[in-house]
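In the two assemblies presented below, chain A is common to both, partnered first by chain B and then by chain C.
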Partner chain A sequence: MEDNQLIDRLENEYQSLPDETDEIVQHLIELGYLPQLNPEVFTDIQISVAEEAFIADLKQADFEDFKRDALALLFDRRSVLLKYSRKATDIDEGYVFENLPMPGSTGMIARIIHYRLELFGLWSLPIHAPYGKITARALKQLALYCEMDELSAINQTADIEGISRMLIETRPNEDFILTFSSAQIDKKYKRKELNSFYGRLKNDLPTDSAFLKKFEKNVIDVKKRHFNSGFLSVESQDDFKNFVIRLIQVHQWQEGLYDGNLDGKVGDVSIQSLRDAVELDRENTGKKERLKEKELLLFVDGYCLLNGYYFLRKYMLESEEGSGTKLWEAIDEQLSRADQEERQTYLQNVEEIKKRLRAETEKAKVVNGFFRRIYCGIKKVLKRALNFVKKFIKDLGRLIKKAWGFIKRVFKAFFEDLKMGIKAFVEGVKFLFGRKEIITTEGNSFLISKFQLDADCLNLCQDPNSVLVQNHSNKTRYQFAAMNFSLRMVVEILNIFIKAVSVMLWPLLLIQIVKVFKRISEEFKKLKSSVNLTTQTIVT
Partner chain B sequence: MSKIDDILNRLSEGIKDITVLNINTVMGQLDIDENGKITLQASSNIDGMTSKIDLIDGDITTNISTNFYEKYPELVQFHQSREAKGGDIIEANMSALTSIVGALTGINKLLDSSGDS
Partner chain C sequence: MADELKKPVEGGFKKLLKNIGSAIEDAASLEVSTFTGKFNYQAVELIRNEVDRARVDSVLKKMTLTGDVNLDLFAFTSIKIDSDVTSVVRPDINLEEHKDLLNFHKEMLTESRAARKEIINTVKDLVKNI
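Moving on, here comes the complex of A and B:
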C-alpha cells in the first residue's frame, strides 16, 4: 500500500462511517426535557433550550464523572451531551445515588428515578414531575418486589443484569412462571409441546410448589383440553409476575431483539423477540446447553405461559461470561488467525453492515401514541457478542440476516469507537502539521494562544478580562490533555500502519484502531481519576 | 513528496530549537487577514510579557511592561503557568515525537524495500 493511501484511506474511512443518529434528542425526551412528540417536530431553539436545562441539571447533580468532563463542553459539546444523556438513561451501568432527592425536586436524579420507574411500568406521570408522594409510592412498590429499601432498589435498576440476578436468587422460582393473555396468541398446541414445557417446569420448581400443583390440576390433568381458564386468568393478573414480564421485555429491548412498545403487554412482537432470543442463543452455546422454545413457551386456550425462570437464568444470566471490553481484542485475535479469503469476506460483511446502518434511519418515534425508543447502552450486548465472536469472522453474513437487531447494536458500537479513534488521530496529525491555536472570545475581547511542538507559546490578547483569561486557561489545560491523547493515537496507529502493507489487512487495521482507542481511553480515565484534575464549570 | 516525507520534514522544522523555550504574551488591537491569520495591528499600543527559558543552563529572562503587570494580574498568572508547563509539554511531546518519527521512518523503509512508494 502506498503511503499516501495510508492516511487518505483512513480519512475516507472516517467519511464513510455511519452518521450519528439523533440520539441526544431521544434521551432528552426520555428524561422529560422535551415532550414525547415525534423528534422531527422540534425546532433547533427547543432542542437548544432542552440541552441547556439538561446540562444545568447535570452540574447541579454533582456527578463525579461529569465534573471531570465539564471542560470538554467548551470543545466538543455534542460528544459530552451524547455521553451524559446516554449515561443518564443507561440501565446497564447507570448512575447509582447516595441519597434520594428532596420532595419537590425536579432535578436530574428525580428525572432518572422517574425514567427508570417508567421503564419498569411503575410510573405514568410526566418524567419531569416533581419528586413527591407518588414517586415514593412507586419506589415502595419497587422496593417490595426487590425486598430491600427504596434507595437500594432504585440503585439496583442501574444494572438490569444485577437486578435480574438478585430477583432470581431471592424470590421463589415459581414467581417467574409467567402467564399472559393476548388475542394475538395462537390457541393451537400439541401434546408434545405441553409435555416439554411441563418437563422443564418439573425440573425448575420444587415438587411441593403450589404453582406446579395448580398447573397440574388445571392444565395437565384435564381431559379434552378443558383447561381451567380461571387459574390462568388469576395468574395473568399477578402484580409481581407482570413486573417480571416487563423486566424481560426491557432485557429484549436492550439487546435489539424487541422494538415494540415498552408497555408490559405481550403480543406477536414480544413472542417473536423471545423466539429470536432462542435463535441467538443457538449461536451462542453448545448443543446441549441451548435454550429450547418448547420448554420456554406454551400456548393454551388464549393464554401464553412463559418459563421466565428458565429464560432469565439460562439466557440472560448463565450465558454471559467475560468482559465486553475484550470483544474487540477477541475479534482482532480471530482476524489475525483467519486466512485472506475469510478476512475479505469479513471486510465485505462489515461494509454491508455499514451501508445498512447508513441507510437505516434509526430514530425514536411516536407510534400510535407510544414513544418507541432505541436502547443505547452497550455493555450487555458486547458481553453477549463475546461469547460467539468466532462466528463473526466466518458467519457474519448469516448473522446479519438472522439477528440484524443484535448485530447492528454490536457494530454501531464498533463504528462509534472507530470514529472517535480516527478523530483523535486526525487531531494529532493536525498538531504535527502546524501550529495549534486555542482561541477564546467574548464580545470584543480575544485571547489566542499559538503553540508549537517545541512548546514555544505566543499569547495574543485584545481587551482581556478576568473571566476571559480564566476560560482560556481552562481551555488550554483541557486541550493539552486531549492533545496528549491524540499524539498517543498517532503513535499507535502509525505503528499499526507498518504492519498493514496490503489492502487485505485493512480489516485488521480497523479493528486494531478500535482496540488501541479503547486501551488508551482506559489509561487516560485512570490517569484522570488518579491525578484528580481540577475542574470548573464554565458557562460559555 | 509523499505525505510521510512531508510529515517528517514538518516535524523537523517544528522542533528546531528545543533547548530554548519562548513564551510571549502580548496585548493590543488584533487584525484578522483574509486567510484567518490573526496579528497585532502595527499601530496599536502593545503591552505584554516575554520569557525566554534556557532549558540547559536554567537561565530565565523575563520582560514585562509596567502597565501589563499592574492591570492584568490574571494574564501574568496565565503566562507564568505556561512557563511552568513548558518543560512538561516538551518532555511529553518529545516522547510522542520519538515514537512517531520511529514509526514513520519504519513505514518509509518498508515501502523502500517493497519498491511500493
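Moving on, here comes the complex of A and C:
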C-alpha cells in the first residue's frame, strides 16, 4: 500500500471534514439529565453522571433497538450515546410507545413525553418531573387538538410530518389561518398587499367559510383602514391556532430555517424564518406557481396574519418517499452529467461549506439567557432537499447565502456519512493487507488473537476463564462484522471505479462513497453498531 | 479532482486491484493456533503499553526478553480450501479443566472461518468484474 495516493487522499479528506459536534450534551439537557445551562459550564463529572443516568433509563425502558446495541456500549460508548440521545429527541421517526408510563415515573418514556409536550408548548415544568396529573392534563389537551386518545396523540408527535398531515386532513382549512400580534406594526400598510393576501385566502378557503366572511367584514370591507381589532384579538387568542403556530415554528426549526426560541411567540426571527421558507420555495418553483410573501403574510393594525394552511401543506408535500440515499443518488446523477466547470464550482462550494461548518460552533447555545438548540434529526431535511438537487450542482453558492441554516443541515448529514464511509473503506483496504489483533484482558488473565489474511489466526492466552472467553468471542464477532461491512464497501466502491474510471472525478468519488455507505448501512442495519466499532480496529 | 491528481488515483486503484487479485491464493487455507502459558506478562502491562496499539509480535518479544516464557501449544487446526481439516491437540487435555481453552479455540476457529469466507467472496466479487 506504500504510494497508494488514493488512500492518502481519502485520509486527508477525512481529516478535513468538520468535527463532530457536542450533540450528546444538548440532548441530555433536552431530556432533563442536565440543567438548561450553557453546555460549556458542565464539568466532565457532571456530564458523565448524566450519561450514566441516561443509559440506566434506556436499559429500563426496554427499547428493542437498544437491547441489540447494548453490547456496543462496551466498545464505543460515544456512538451509542449519540445514536440513542438523538433517537430519544427525534420527532421525525422517534419512539412510539405501547403504553403510557405509570404515575410517578421519571424514566425515559416519561422524559420523552415531557420533552415532546414542551416542544409543542404544553409543558412548562422540568422535563425530569414525575409523570403525573399535570402530564395527564397536557396530554389531554394534545389529544383534543389531534382528536384522538392520549397515547395515540403522543405517538403521533414521533412524526411531526404525520401530525401536520393528519390535522390538515381532519380540520377545516380556516383553522390554519393564524393571527398573532406582531412587533412589525409600523410596517406601512398597502391595499395591494391586503388584496394579495385576500386573493390567496379565497383560493385556499371554501366560499362559505365562516372565517372568510368575518375577514371580509372586519378587514376587507372597512373603510379608512379602521380594522376591527376585536376580531383580530379574538383570533389571536384561539388555543388551537396558537398550537398550530407552535407546530409551524417546530417545522421551521426542524428544517434549519429557525433557530430562535421555541416559545410559540412570533417575533422578528420567526417572521424572518417564514420569509426564508417562502424564498427557499420560490427558488425551486416554476415562475407561474411562485408565491409572493405578501400572499402569505399580512401586517394589519398591530397584528400579523399568516396563511398557515399554505405552510402546513408545504410540509406535507415533502412527504413523498425520500431518504438520504435517494438524495445522494440524485446528486450523483446530476454530477455525472455536469461539465467540468460545474463540477469544479460544486467542489469549491462544498469546500466553502466545510470551512463555514468548522468555523461555526454547532453546540447548543445560550442567547439572551435562553437555551437554544439545534434539531439533529435529518430525515425531514433530506427529503426536502430532494427538491433542490439541481441547485446543489448549479447554484449551491447562492443557496449557501440565502438558506445557510437549511444547507448546513443537509451537508452536515452528508459529511457524517462521508466520514463513516471513508473510514470503512480505508480500514477495509488496510485489513485486506494488514494484520489485526484483538486483545481482551481481565485482571492478570488475557486473551490475544492475531488475525492475518495469509498467516491465519494465532491465539495467546494466560489463565482464561469462561467470562473472558465469552467477552473475547463477542468482541471478535463484532470486529468481523465491522470488517465484513468494510469489505463490502471496498468491493462496491472499487467496482464503481472499475466501471467508470475514465469519468471518475473527485466530487463523484466522494458522493459514491456516501451512496454506497448509505446503501450498505441500510442492508446491514443490524450491523449499525458494528460500524461504529471500526474505531476500535487495530490495523498494523 | 483536478486532472493532474486523476492519474495517481487511477494508479492507486490499479495497484490495489492487483494486490487483491493475488490475495485469493493466500486465502486458500486457514490455520488457527492457540498457545497458552504463564507469560509473567501482567495484563496491567498490556494496558500500560497501550493495548490498542500493542502488537502481538512486540508483546511476544518482550516476554521472550524476560526469559520467563513457557509457551505451550494447546491446539492447532488447519483447514484447506477443499475442506481437509487437520487438528493437533495437547495429549494431556482434560475436558473439564481445559473447557474454557477448548471453547476459546473453537470460537476462534468458527470466527476465522466465517471471516475467511467473507474475504474469499470479496475477492471473487472483485475479480469477476476485472
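Keep in mind that, in the parts below, the second predicted complex is superposed on the first by the 478 of 540 C-alpha atoms of A that agree within 3 Å, B and C clash if a C-alpha of one lies under 4 Å from a C-alpha of the other, contacts with A are read in each partner's own complex, and residues count from 1 in each chain.
The definition used in the following text is that a residue touches a chain if its C-beta (ideal position, glycine included) is under 8 Å from a C-beta of that chain, and two chains touch if they have at least 3 such contacts.
Because the structure is predicted, anything quoted here is derived from the model rather than measured.
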(message) With both complexes superposed on chain A, which partner does A:S473 reach: first (chain B), second (chain C), both or neither?
(response) both
(request) Considering only touches as defined above, state whether A:A136 meets chain B (first), chain C (second), both or neither. (result) neither
(message) After the superposition on A, what does A:L509 contact: first (chain B), second (chain C), both or neither?
(response) second
(request) Using the superposition on chain A described above, determine whether A:R9 touches chain B (first), chain C (second), both, or neither. (result) second
(request) Report the partner of chain A that touches more of its residues: chain B or chain C. (result) C
(message) In the overlaid three-chain picture, which partner chain does A:E442 touch, first (chain B) or second (chain C), both, or neither?
(response) second
(request) Applying the touch criterion given at the start, work out whether A:V234 contacts chain B, chain C, both or neither, answering first, second, both or neither. (result) neither
(request) Considering only touches as defined above, state whether A:V96 meets chain B (first), chain C (second), both or neither. (result) neither
(message) Can you give me the overlap between the chain B contact set and the chain C contact set on chain A?
(response) 1, 3-4, 6-7, 429, 432-433, 439, 446, 448-449, 451, 453-462, 464, 466, 469, 472-473, 476, 480, 484, 487-488, 490-491, 494-495, 497-498, 501
(message) Taking the touch rule as given, give the residues of chain A at its contact with chain B in the complex, in rising order.
(response) 1-4, 6-8, 429, 432-434, 439, 446, 448-449, 451-462, 464, 466, 469-470, 472-473, 476, 480, 484, 487-488, 490-491, 494-495, 497-498, 501
(request) Note which residues of chain C are touching chain A in the complex, please. (result) 1, 5-6, 8-13, 15-17, 19-20, 23, 26-27, 29-39, 41-44, 46-47, 51-56, 59-60, 74, 99-101, 103-105, 107-109, 111-112, 114-115, 118-119, 122, 125-126, 129-130
(request) Using the touch rule from the top, collect the residues of chain A that touch chain C in their complex. (result) 1, 3-7, 9, 429, 432-433, 437, 439, 441-451, 453-462, 464-466, 468-469, 472-473, 476-477, 480, 483-484, 487-488, 490-491, 494-495, 497-499, 501, 504-507, 509, 536, 538, 540
(request) Spell out the residues on chain B that touch chain A in their complex, using ranges where they run on. (result) 2-4, 7, 10-11, 14-18, 21-30, 38-40, 72, 74-75, 77-79, 81-82, 85-87, 89-90, 92-93, 96-97, 99-100, 103-104, 106-108, 110-111, 114, 116-117
